[in-house]
Amino acid sequence: MSEHHTTPPADAAAPAPGSDAVSPREGLGVVHLFCKPGPSYDPESVVAAVKAAEAAGTQVVTVAVLGHKCDLAVMAIHRDLRELRTLQTALQRAGLLVVDSYVSLTEVSEYAAGVAREFLEPRLYPTIPPQGDYRAWCFYPMSKKREAHANWFRLPFEQRKDLMSEHGRSGRTFAGRIAQYVTGSAGLDDYEWGVTLFGVHPDDLKDVVYTMRFDEASALYGEFGPFYTGVVTPVEDVVHQI
Amino acid sequence: MSEHHTTPPADAAAPAPGSDAVSPREGLGVVHLFCKPGPSYDPESVVAAVKAAEAAGTQVVTVAVLGHKCDLAVMAIHRDLRELRTLQTALQRAGLLVVDSYVSLTEVSEYAAGVAREFLEPRLYPTIPPQGDYRAWCFYPMSKKREAHANWFRLPFEQRKDLMSEHGRSGRTFAGRIAQYVTGSAGLDDYEWGVTLFGVHPDDLKDVVYTMRFDEASALYGEFGPFYTGVVTPVEDVVHQI
Amino acid sequence: MSEHHTTPPADAAAPAPGSDAVSPREGLGVVHLFCKPGPSYDPESVVAAVKAAEAAGTQVVTVAVLGHKCDLAVMAIHRDLRELRTLQTALQRAGLLVVDSYVSLTEVSEYAAGVAREFLEPRLYPTIPPQGDYRAWCFYPMSKKREAHANWFRLPFEQRKDLMSEHGRSGRTFAGRIAQYVTGSAGLDDYEWGVTLFGVHPDDLKDVVYTMRFDEASALYGEFGPFYTGVVTPVEDVVHQI
Amino acid sequence: MSEHHTTPPADAAAPAPGSDAVSPREGLGVVHLFCKPGPSYDPESVVAAVKAAEAAGTQVVTVAVLGHKCDLAVMAIHRDLRELRTLQTALQRAGLLVVDSYVSLTEVSEYAAGVAREFLEPRLYPTIPPQGDYRAWCFYPMSKKREAHANWFRLPFEQRKDLMSEHGRSGRTFAGRIAQYVTGSAGLDDYEWGVTLFGVHPDDLKDVVYTMRFDEASALYGEFGPFYTGVVTPVEDVVHQI
Amino acid sequence: MSEHHTTPPADAAAPAPGSDAVSPREGLGVVHLFCKPGPSYDPESVVAAVKAAEAAGTQVVTVAVLGHKCDLAVMAIHRDLRELRTLQTALQRAGLLVVDSYVSLTEVSEYAAGVAREFLEPRLYPTIPPQGDYRAWCFYPMSKKREAHANWFRLPFEQRKDLMSEHGRSGRTFAGRIAQYVTGSAGLDDYEWGVTLFGVHPDDLKDVVYTMRFDEASALYGEFGPFYTGVVTPVEDVVHQI
């Protein structure tokens, strides 16, 4: 699993200091919008909304999702939360109903202390979609358990760090098959992290999640929310496929 | 319970290498779409959607479902997830509301290592519906527990293999009464597996699930999602029965 | 609690061998349909749907339900699941929205082995409504727990049988006040059993459930779903009362 | 907390023996209807529905509720469940959508054995609203836990009685600030009891619930459903305030 | 984290003694209304509703919320619950659908006994929004666990007080980055407290919640409901941004 991406920070999207932007001190805002076409759905307005957001510096990936949860997933990244809300409003005005969502921020894990800045930058300022033929896509939110037999937040830092290192090694065996983005949502949404996976093949998604579920960090401590699965598809195409 | 089917792989549906298909490295994509007729429901367009999917190499089974969860279940299998999404869109455009669903992939269980390939092929490349008078149908998703007293993902491989062998023997006593398809959904949908049962009689479905619930693999470790029950019915008929 | 009813099997509704019926090997299919009137609700068509089902051999009880969960409950029994689906479709076409439901089969409990056939027949082939002034009605689904401290499916058969005997004796003290129908739904719906109670007075329903909750089988092992409460009312009347 | 009220039984509402009423052997039926105005909402018809119910002997309290759960709560008491259903239907025909509800019966707790009948009558035949300036109102349903560490239904009767006595003493320190009605719903609705509190001030509601949550009966054994909060308001006024 | 605010009590909004107000003995009523525009949404009427409420002494903060849960959050504080209901009705009549909400009261924690009144007043009579550039906003409700291994309500007062002191010290390290309002809802809404955070940057919200989750009071005892995140925005602007 490739956790790092090599694209430079999307500085073009950074607001000037002192501007009205509502942005994290470090990193970028992320929204996943899970949408269904409503009665006033207008495909061309959806395309226009995405193009306008991109022109404002927002990175956008669109996904044709399988199943009842939604038809179209829109993943968007911008430093200023107000730009993300602007995109959401434009999509709603284009007749999309946002039926589920996830709000998070890019972040560097606390267990990465000591890692050279150059390796952390791609986590704080990622580029989506990842380079390569990653068209199978899934998203799910997750938290760490706080139960009697498994309370992640009562473990010592070193133990948590070791468990996350094991988990990371497990994931890296999927390098070239999976590109992973983990964004933080404590205080922002119902789980503590959002996980977005881009895979070369759909069974890459299944294999990495199944394999990593045996890691102690997941087997004992992981709590998972709903899973969304689909095919990364250019916005011009996907609006006519739903 | 018959877990294997003897039909050869549905290679006709396999995209040529290098095509645009979004397909698993091995096996096929599966969707279960649970539908209700909406205000613009058009029975003939539903039939046409299914026929078009079949012409594109998709295997489709349609079921008249009892109760409020849905009226029509559509189970579809194709190597390319995009074909499954195309079928979903056609059904929606025919006025069906997809109110629940399940996304999975055919797979060979990790406990089948060492089994001759010829026995595994029917699991990876199954044919639906099974041959025989299997008209009673149910579907449910399931996961394995990760709790203090019962954490499947912390058991040694050999123990899990033994439990699944016992479970398999239990199921095989229903051979001729039940045909079973277990497809994998870790990373793809909210549970880890989807189970589709075709029975000769409705109480075959009840008996096999009740009997197997006493197996240690289910009694201790099984978590079950919603159950759908219905009657396998040709699409031309079922569209007029809902 | 009267668990047995003395009416003979509803053989008139049995399909001829070799017919197209989708029926249990033994016993009958049961659906509970919990309905609200939709915008196109037509009372007379609801009456006609019930009458047509009865003419086809379906037993039907209609209930005016209190509260938001639904307005009208329809409990129907027929050997052929297709007849039950036909009734459901006719009710929907009469403008009823089926907002909840339960799918089950009549059955003889495994703990009744050795009981004379004549006592089991009324459980497999019950008549509804029960004879007598049983107009207070409730329904709820239930399962047995599979938890660390209380795993019903890990108990030896003899222990389960003893617990169910105690539970049965507890219920029989309500004979003449309550008529009970327990139908099986493992593999068919989200719980393992559906319980339908007909009471002479509404507090008979409350008293029997409260009393039996102290039985070990319920106190330790019972899991209960939603409860529906209402008044058994002839279909010609109830359609105008909602 | 005042658990008893001094109004005599509402005998005027009692059906004559042998009538068609569907009534408890002892006590009265209770429904809480949580409503929102629908597109055909007609305030005057709501007033008329309440007045007609009162003329038929139904006691009715109307509440302007804060928040999204509903706008108008209607609490109604009558011996005959059919009268309560008649009120519900009239409210629905007046354009109210019943979006949540609770069905219960007045009762005398089993722990009150030995208490003089004159003290129990007000519990079986209460008057609502209570006398005094009790305009702050809340409702919540509750059950007793059946878990490994806290199984109320496995405790000896004497221990349960002691815990309920402690709980009662705790509540009585709120006499004059809170009037409480606890009605039973085992077998009738999803929890075992419904609790309706009338307070002089909104923080009386908060203080009594917070204080009593430390009682062992609640701290260890209580399970609580959704809470509704509002202002008791005459029906003629509340219909124009929502 | 700044828990206290220095604005004097909003006495202007206090009803005269003997008036019809339904107000707490001490402190103020609070509602959070989470809204989506409905088909009859009229932005100017929303502005007028907020202005009218402010003219009646209600403090109001409006927030552009990210994601599907709602588009517009309205947080309002007034001593009289009837004024809060008046605002809710005006917003609904302006075409907003209130899809979620939270009802609570300002309060002084029981652990603050002995603290000088001047420090408690700002908790009972807070001013919103806080002074400063706090435009990132989140809300979530929370309760304390009552489980076998972690039952907050069975801890001695001194232990609870110590845990809350540690928790408070942890929060105060965020002073200048976060302004916090904790309001009480036992007996009033589904959780026991509502937490509203105003942050300078969105990652301030994430950092404070993530950091404090390791405090024993949260790690062992905290239960959290849904999280809402958005940007504090003047009502005149936000009505055109959704």
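Points to keep in mind about this one:
Letters A, B, C, D and E mark the chains as written, and numbering starts fresh at 1 in each.
Assume a residue touches a chain if its C-beta (ideal position, glycine included) is under 8 Å from a C-beta of that chain, and two chains touch if they have at least 3 such contacts.
Just so we're clear, the structure is a prediction, and the values are computed from it rather than from any experiment.
Common neighbours of chain A and chain D, listed by label, are E. Superposition of chain C on chain E using C-alpha atoms only gives a rotation of 145 degrees, nearest 5.
The mean-CA centres of chain A and chain E are about 29 angstrom from one another, to the nearest whole unit. In chain B, the residues that reach two or more other chains under the touch definition are 147-148. Across the interface of their complex, chain E is touched by residues 22-27, 29, 31, 33-34, 81-82, 84-86, 88-89, 92, 98-103, 105, 107, 146-148, 151, 153-154, 184-190, 192 of chain A.
Interface residues of chain A, counted against chain B in their complex, comprise 64, 66-69, 71, 135-136, 138, 140, 147-150, 197, 201-210, 213-214, 216, 218-220, 222, 226-227, 229-231, 241-242.
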